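In the two complexes below, chain A is the common chain; its partner is chain B in one and chain C in the other.
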Partner chain A sequence: MKYIKKILGGGLRDYTMVIALVVLTIIFNITSGGKMITSSNFQNLISGNAYVLVLAIGMVMVIVIGQIDLSVGSVAGFSGMVMALAVRDLGLPWWLGVLLSLAVGATIGAWQGFWLAKLSIPGFITTLGGMMIFRGGVIWISKSISVPAPVELKVFGAGYLPEWGPTFTGMNNSTLLLGIIAVAFFAFMQLRKYNRSAKLSEKTEELWAVVGRIGLIGVVIGYITWIFGTGRPGTSFPIPGLILVVLVIIYHIITQRTTFGRHIYAVGGNKSAAALSGVNVQRTYFLTMLNMSMLAALAGIMFVGRSTAAGPSDGSGWELDAIASVFIGGAAVSGGVGTVIATMVGGLVMAVLNSGLMLMGVGADRTQVIKGLVLLAAVGFDVFNKQQGRQSIIGRVFPGKRK
Partner chain B sequence: MKMKKYVSLFIVVSLIMVMLQAGCTRAPENSEPQPNAPDETSDLDGDGFPEDAVVGVALPWLGTQNWAEADEMFKTQLEAAGFEAIVQHADNKVPTQQQQIESMIQNGAKVIVVGPVDGSQLGSVLEEAAAAGIYIIGYDRLIENTTGIDGVVQFDSIKTGELQGQALLDGLAAKKGEGPYNIELFGGGPADPNAPNFFKGAMSVLQPKIDDGTVVVVSGQNEFTQCATLDWDNSKAQVRMDSLLSGFYSDMEIHGVLCPNDGIARAVITASEQAGQQLPVTSGLDAENETVKWIWEGRQYSTIAKPTDTLVSKTIEIIKSLQAGNGMPEPDTSVNNGKKEVGIYALPPLVVTKENEKEAFANDPGRLELLK
Partner chain C sequence: MEHPLILQMQGITKLFPGVRALDDVNLEVRRGTILAICGENGAGKSTLMKVLSGVYPHGTYEGKIIYMGNEMVFKDIKESESAGIVIIHQELAMIPELSITENIFLGNEIVKHGLIDWDAERNRTVELLERVGLTVDPNTLIKHLGVGQQQLVEIAKALSKNVKLLILDEPTSALNEDDSANLLDLMHGLKSRDITCIMISHKLNEIAAISDAVTVLRDGRTVETYSVEAGHVDEDRIIRAMVGRSIENRYPAHESNLGEVIFEVSDWRVEDPNNPGRLVCKNSSFFVRAGEIVGFAGLMGAGRTELMRSIFGRNYGIYLGGSIKVRGKEIRVTSVASAIRQGIAYVPEDRKNLGLNLLDSIRKTTVSANLRAILRGRLIDLEREFQVSEEYRRSLNVKTQSVDHSVATLSGGNQQKVVLGKWMFTEPDVLILDEPTRGIDVGAKYEIYRLIHELADQGKAVIIISSELPELLGITDRIYTIFEGNITGEIDSQEAKQEKLMRMMTNTAGSESKAGKDEKAL
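Let's look at the complex of A and B:
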């Protein structure tokens, strides 16, 4: 047992939610008769949930600073509609429409950040206002009629990577390349870490454990690559998924490796202490809200691309999906705790639940009930563990910056 | 430590199962290329499919009676015909419906019947289904902005609107004496492509009468976007009616209201009642149970029956034709959905007033029961 533990590099309890995700997937695969783990279903799972996960990236940062953003659904709908209208009525090229939409998102974020940071209106109120303003706005500018989106946008919402190179690989070569890059990158990072700690003569790990870990992750990534790469010809790892992965990497680095990221956790953990130690609280609030709305605009664009049209009710209820993902991922309501990667796992748990229940033919009504119970169970479990004086399990899922 | 032991054992077991799964799924995927064959498009008159094939039905929601009936009838009639039916509703949410259609593709459906939440937001999902060789039949609402649609079964929506307009005029003449009549206009949910057509049809009848002064739209709100009711939501219609009544009718009588469906008609009637008005003459649509009663009691003047069973039987008739390998039957008409010409299987709607109510529901014991 201790060998496995060493390979995983830390307590097995750190992986509770990941295990839950794997178990859920396997259970659904059995109950649905093998329809869960297939290329096309995994592709659907990613393109159908990428926009919510993009929202969740921004939302975890907002929740870590101890605020909440209720307006993201409306902002996503509004920005998507602005883009569709700008392209259709003003004749802008599609990429200019996308840039315009992101700019609109950033402006909205600045507006909300202004109310929160400068006027100290709580985020809940600021964004409740925003939720109404921009829901009304999208209905207003669209006259509540759906607007077809430029066809090029389909790439962002439902596109696949190109097919190229030799056919003997038996799969989509773009996906294969991505998989190889991912394994190589992981191996490189692990070995670099190993070398550094060896140089500092703080050698805590044996080489075989590192190699074993690389092997294990390699198999997992290889398997996922194989699933995504061997679907219907012309399909691959979906482009919305690729956008998501890039964002996750960027935001993981921002939150864990930069000064701004440390400020976010400091402000969320203890605002006064952070202010006293020289953190600009207002600036942190402002930038976090600005970033959230910009990501919301991006999510709106991705959804419009998938739907091939922007509709007046786009985005209603998305904020709640995003918030649920963050809390299932182990963030604390009081702020200061939560990581981007754990949030992605939380979001995927919801996505797998959705997909599995649909495959089994469970209706939208009972699916809602089950998702609600899962949210309560996940957070309740976390709180229970804290009350027992033990360390929070879900909070430890991934090492974050905590007090 | 024991706990950890079990957890790690579990991981190993799950990994092994995943690996086994990998081995298992590969074989059928290679040996049975049919459902995913890229060159097989749904436009071809195919070779049919087995009699117990999976048929998916994606409905928008169960919030109005016609959808609840469709849900029930599709389940029983598809099962009776020997198909394996997956009937789901999306709670009026576009993303939910997209995912449901995808899961139907996963479940190997040969035909998917779609009553869209928003007729123009299913583009890429339906094209994906079409690429997998699945027939897509639109149900009750036109599906726009996509090539992945093979035909739409619906009641003729322009005709329905014309009948609504005519029923309103007939009712005014019968109940409110000589004109001019004061009326207001309501439209349906803008996301539903039928709604503007209902309105257009009704206005083609009403506009000449507005022009010659027989009827007067007192509020002046006669554009579809001004009159539309978001999501066909009755409560929103009631709020609009309340404000129209307090704004324009404080010293005037309202005689008639063009209502695109029964729920909105009842909301309008309730609002007028609460404002102390004489009940206005209204049109309606769907012949919901509550309205069938109201018409019998004389509270609502008319509705239009679009019997759900006619719609469902026509749809199942098409599915059976596809199953036998005869392809899509010849459509009655066709309409451009923005990407291609789509065949429309149009069914005739029926105006129901108190006079013809008993004969209209002669074959419908459930509704006949209400006429006591």
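Let's look at the complex of A and C:
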């Protein structure tokens, strides 16, 4: 046990949600007769949830500043519809439609940020208004009819990486390359951290623990790579998943390593103290809301690409899935706590629940009930642990976030 | 006069995971007297009172509580209250949007036929308020009362429960001099009504003024108990007992080395944002030299904090006019960020609500006001962050195992050191400290004073706001007094006496003022 702990670089408690995710996956695999851990199911799981996870990235930042955004579903639907209409009726090229859609998202974000930052209207109210305005808006501009999307977009919503190179690898070579890059990157970061902490005379861990960790993660990534890479010919790790991974890396760095990221946590942790430390609280509010709506537009585009048409009810209820992912990921309702990585784990727990219950033939009705109970259990567990005077467990899912 | 014992706590031991908060504590209180409990922060005073009042129920601690001759086993606060033991916490627990009457009878309503009997409640409230010497309408909302008045309402509420043993946790920590004196008088008066008081206090002069006995706690143990004779108390003895060592001088000796005037504020005028037309700073002008420690004395509400916060990037109020010069150059500060960049730092008085993000680690807090200094490219350099915070942890002697620990785990004194480190890292020319030692124990205070002296010796201009006049006299070179938004005087700390300062703080005439230019502020 001691050795496992050292390899993981923290107590097992830090990994509760990751363990829950793995256990859930295995249980569903058994109960569904091996249908859970298959190439096609994993591929569907990723491309079918990527857009919600993109929303959750923005949502965790909004929740960290102590606000909430109820409008993301409507904004995603509205932006997607604007794009589809612009391409169909104005004859714009698809890429211009995408840029226009992102610009619409940014404008909406600026509008909501204005109400929150300048007029101090709580985000709940501001975005409740936005939720109605843009849901109404999408129905209005589409006249309640689905609009076909440009075919080029399909790649963003349901595309796969190209096939190339030799066949003796036995899998999709793009996926293999991704897996190799991921393992190499992880090993590089771990070794660099090890070297630096040795120099700083910080409490250094043993080299074998670091190597053990690299080996463990290597095996895990290798296994996942193998699953994604050995599906039907022509399939691979999905492109929406790749977009998501890139965004996660970017936003992890933004939230953990930039001044803006620090300001988000400062404002959420204690607004007055942040203001007295020179943080421009209004600007932080404004930019966070702006960012959220832009990501909502991106999620809308990805969804439209997947379903090949923009519909008037696209995005209904997405805000709730995104918010649930954030809270299962250990964020605090009062703000100041939550990370992008932990939110992704939270979102994947929801996704695996959805997928697993479906494979078991559980109806949508009971799936909803179970998801609700899981949300309560996860948050209740977190609150219970905080009352015991410990730090938020789930919030520390990965040792990358130092508290 | 020998009073019978009303309360004995024998061998109280209370364990928290990993900590022995109370270790075989013994306490005796005689009926109709006032017992003062003192001790450093973390000595176990509040824990002991929570054991007594049933917040920690019987069974979660070891030892016996004998009250009025019987052993008590309280399950919760309700039980201790019905036995006549009432605790008034440091943070007042009243509901601001409800009236005095509603607050007094909250959870204890007088009910007739299932409905609240408002007339009975109001009549009883009037009677209770009279007993505590408060003449306000019982329908007044709590939020419209001052802190001192709220404290009196709390006592009235305790009286409504037929209190026999009243526990007050640092009752005067938020009160000004007048309200404090008033409260102490009231406590004295309660003795004649056969009400016993236990008062937790840091303020030795108060203990001397009203208590009959003192018990000193240190590290969860009873160190000493002795009676106080006729308003006389040996302060040195209490301090020795509290810190376990003798502090010859509560204020470290310091030879100041004054340079040129490096900070100058002229004709500063600020309007109250909630009360248009009311000026909170009226043509305030003052200056500080390099290496000088300047105190600002004033009663609560005089506008000391407001003045400093408005200077610190207009963080408070509506700026009407006035100029700031740093090192002879006029600067424009329109935001806190620009104030920090131009060498001004302000350490707020309310550490928990304004000074710290309690969710942050020590290392993140240390760099939080000057992230630019640890950027490499556009990213925060985590190595630098660690080095910087480690450096300040060592040089400020912050007691913690690791800078990765949350600031919430630190004691008040250590939190304040982290906050000071945070502002020292911004490398300011001018450091404004608002009540830097509030709620900090004697030992840590001494360290903070030494630090302030060090900062001055580095050639910084240091401004200190404090409500404790001995502290101002002990560590500053010069003191300005403020009354109702006016700077009413300026005095050398060497020549100043508390009485003289107090006169200047309560009198607009400002006849003691040496500096002519302050006169035009009147």
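In the analysis below, the second predicted complex is superposed on the first by the 388 of 403 C-alpha atoms of A that agree within 3 Å, B and C clash if a C-alpha of one lies under 4 Å from a C-alpha of the other, contacts with A are read in each partner's own complex, and residues count from 1 in each chain.
Keep in mind that, in the parts below, a residue touches a chain if its C-beta (ideal position, glycine included) is under 8 Å from a C-beta of that chain, and two chains touch if they have at least 3 such contacts.
Please read all numbers here as calculations on a predicted model, not as lab measurements.
Trainee: Looking at A:Leu276 after the superposition, I want to know if it touches chain B, chain C, both of them or none. Which is it: first, second, both, neither?
Mentor: Second partner only.
Trainee: One more residue to check, A:Asn29. First (chain B), second (chain C), both or neither?
Mentor: After superposing on A, A:Asn29 lies in contact with chain B but is clear of chain C.
Trainee: Just chain B (first), just chain C (second), both, or neither: which does A:Pro148 touch?
Mentor: In the superposition, A:Pro148 contacts chain B only.
Trainee: Chain B or chain C: which reaches more residues on chain A?
Mentor: B
Trainee: Please indicate which partner A:Ile253 is in contact with in the superposed arrangement: first for chain B, second for chain C, both, or neither.
Mentor: second
Trainee: Using the touch definition up top, name the residues of chain A that touch chain B in the complex.
Mentor: On the chain A side, the touching residues are 1, 4-5, 11-13, 19, 22-23, 26, 29, 34-35, 37-41, 44, 48, 139, 143-146, 148, 154, 157-158, 219, 223, 226-227, 230-234, 303, 305-309, 311-314, 316-317, 354-355, 358-359, 361, 363-365, 368.
Trainee: If we count contacts the way the header does, which residues on chain B are in touch with chain A in the complex?
Mentor: 1, 4-5, 7-8, 10-12, 14-15, 17-19, 21-22, 24-26, 29, 36, 38, 86, 88-96, 98-100, 102-103, 105-107, 118-125, 128, 131-132, 144-146, 190-191, 225, 228, 230-231, 338
Trainee: So in the complex, which bits of chain C are touching chain A?
Mentor: Residues in contact with chain A: 17, 312-313, 315, 335-337, 339-340, 346, 348, 353-361, 363-364, 368-369, 371-372, 375, 378-380, 382-383, 386-387, 402, 404, 406, 422.
Trainee: Which stretch or stretches of chain A touch chain C in the complex?
Mentor: By the definition above, chain A touches chain C via 196, 200, 202-203, 253, 257-259, 262, 265-266, 269-270, 272-280, 336-337, 389, 391, 402-403.
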